[in-house]
């Protein structure tokens, strides 16, 4: 080993890299592929599935989910279902740990896949119930093995209706069927 | 360059007044908001006072009012370059406290995740060390390029790259997706070449050797007395690795070696980590081969109520021994959650290591301890 | 595997090495008297059987009636660990002796305990706050700390 | 007279003399000088912009990045965007600063780089002036920049800046010596101090006859322009930004201009002295040339700049005491050795013919290799394998030691 051999070796390494393809991704035009499990911020919430039990709010380490409910006359499943008046997620403080999704017993809340919800004011960062209702339903497969088993990819663009996200194996009844079943029980 | 290594003493008639310089809290190479109040005589360091706490978020206090599962999300933010290891240390403590069993597959997945995280953390360390030596970001960016692939694997596993929150008391939150395994195989095939390349770039470079050999030698007895742990302790010649000495999860079944330094200088601290990354690859490859089927998680309730008592769980994190000391009074949240953070305790010997060296060595020596301010300040 | 020494066994050794030092022992560790902490630590560190050369962690727990300072000791030579505890009474100015003379690794950790829990260490060379700033009101990890 | 053999000067002068009435031909001289100064100063600025852009792109590719690529085609307008940003930035002056020194330092830094432009031949008969002490002038004028560094460091009233300035002055003064000594060999061979004359004196590039001198000059020049691995003056990981820590806006831009200007000019001197300047290395002079001589000059300067960028992308920084030791313990003796060998050769073979020339090349190459290896062996640590300091310990999981 002569003196300078180490430096020469290093120079060769950098020279090799000069002719490699750069790893940079030109972000707004190109994007890195995201995995279906990506925990992003455009939460997917199915009004039809949510019973207003507020498990998500209880499980949230930061307490950023605000739920206000009132008793509703109709029931779609066993147990009581409340009418959701407020379902706000304060994205400004959210850390996307996904515990709320883990907590949801009815598969009503799912993580989304986006990460580009920059706003000029903090108040604009809260996701309100109307936005949750109208948002496109592209749930992340995080903690949703049933979606993963179907091979669903939220980046393919297709949306999933509320019947399709259940962890129950049998086909879910339609909303009308369930409503009528409740009426029958009454 | 033996003769160039010495720091010649200035002649006696050249009286210089000591100067106080504040390195940090905003300084390019203090790894976050760390402040060093340095008293210098010219370029030579006479006295050092580390000042920190700028990033203190009261994690231990926050943990006292969260349920055991929710605290997992707090641990991600301790050493943010090694979230998986933090998760692991915490869930081990909770499992010890509450007596939760972990399925085999869950243990293997945790080992794979923790070892991948170790490689990522060591790549960051090597990159930043060279950056502090003045190699214009090149090793750093190479390191980040490879780390990116590890983060991609983490995204597949758990949907997040840095703040993973992957582990739960009783296992991991979810099994790996099917496309994780081919991606892991590709990574395992490519990574040794990248490590070779990185090592070729730096390990034999004469300037790196001249700058770090014999610099800030930490003797084994001193390192033990100062409670140093992790690669810093191993670079000083003490073969102490909790994965071997106190194996947790399935480390007892893994075949791997512990890199141990001969001199305890900055060069050894640099190299020990490079070698450790290779050993981690070995562990990941074995775990990938041996991983059994089955469940990944014991169905522990979300609100765990451990019996009254206390437990200390620790892992060999990339920075050293990371431990969680939990005290339960029977409630749903820990009564006390103490974090034994390696970065914080490894700073004990900082002053002894720095005094007498030049300001250019200061950043290198400080970097070679590899502290992370998220973990120091908690 | 690191062997956890049975507290009973440790207590028996300590009663011989430093008579009257052990206050009680439970499943978690040995509680020693405040005054005899230093002799106990010295005995443990110097004895060939125990040789606890590595101080893993110092922490403290606020049990409202008293503060418990917990020492996790480890022997790299024998690969065994034990837990020592000291109780400090009084919420005004609780204090225990410093062990920095035995393990330098206690330096920063004792400062941290002082800063966050308010248990002072007698004989520590530099008993200053470390994570919060000088003049921070109260000690945040105490159960009665309300923040400010 | 300075006009002799300088087609550039003569053409412009001739044009103005034709316009001016008799007796005012001195005015023509003045106007010509001003025009040339204007052209060359601005040429340097444009070159600096180009080199900054190219360095960022090439460094980016070395580091597996892209570099600036947003402003203009391939990001080529990035320097202009940077300039606009610098101009509109607030010019912060620290309250404790020595205002006059603080403001003057960038100017003191930039003037030497501009002044050096005057003596370099950019091509066949393309130069501002053929100074008969060109090499001496070049060396003398570059040392002014250390004054600028010291003024900036002292005037900022910042401890990082002062540290950088102290380092800078110590290093720059030290490296002047081997730099000058390495050029003396060229003077002996070429027999002229003029940079224009040196090019004409190179039948074969002097790098072949003076490999050791070239090496010493390259290293010393790298130190003189504060480039890696000698960039301790502005070591970003240690002393934030060194002497220009407190500078912002246009003043910072002027420092940048001065640094990159000095880099280009030093590379140009290197090319002129050791790489036969504007001459085509493959087709001898007098034969029909395809490429203009100016382009050859540009190509060679580009090559040297690429080498500097490559080194910067790879090599870490040395410590101050190592840098000073390197200058005095290694470069200085090497330069002296080179000087002695060259002097003996010139004494023995004053006018070598072609084969004698190649024998000298072989001798000098052998001396250079021998000297470098010898010094490496004498000063290098007893190199076993440096990576051998880490051993792998296999432990059984349950047993300790």
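Think of it as A, B, C and D in the order they're written, each chain with its own count starting at 1.
Going forward, contacts are C-beta pairs under 8 Å (C-beta built on N, C-alpha and C of every residue); 3 or more make two chains touch, one makes a residue touch a chain.
In this text the structure is predicted, and so the values were computed from the model without any measurement.
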Most distant chain from chain D, judged by the mean position of its C-alpha atoms: C
Selected pair, greater C-beta contact count between B-C and B-D: B-D
Whole-Å gap between the CA centroids of chain C and chain D: 62
Whole-Å gap separating chain A and chain C, where each centre is the average of the chain's CA atoms: 46
Euclidean distance of C-alpha centroids - chain B vs chain C, Å: 25
Set of chain C residues in contact with two or more other chains: 1, 76, 79
Set of chain D residues in contact with two or more other chains: 62-65, 313-315, 380, 386, 397-398, 400-401
Junction residues of chain B - those touching two or more other chains: 138, 142, 145, 201, 203-209, 245, 247, 252
Contacting residues of chain D [partner chain A, same complex]: 58, 60-66, 69, 310-311, 313-315, 372-373, 375-377, 380, 383, 385-386
Touch list for chain B against partner chain A, complex: 66, 69-74, 76, 138, 142, 145, 148, 152, 155-160, 163, 165, 173-175, 177, 197, 200-209, 302
Contact set on chain D toward chain B in their complex: 59, 62-65, 159-160, 163, 166-167, 228-229, 231-232, 235-240, 312-322, 325-326, 329, 379-381, 386-398, 400-401
Chain B-touching residues of chain A, taken from the complex the two chains share: 1, 3-7, 9-10, 12-14, 16-17, 23, 34-39, 59, 61, 95-99, 102-103, 111, 140-143, 145, 148
Complex contacts: residues of chain A adjacent to chain D: 1-4, 6-7, 10-11, 13-15, 17-18, 20, 22-24, 26
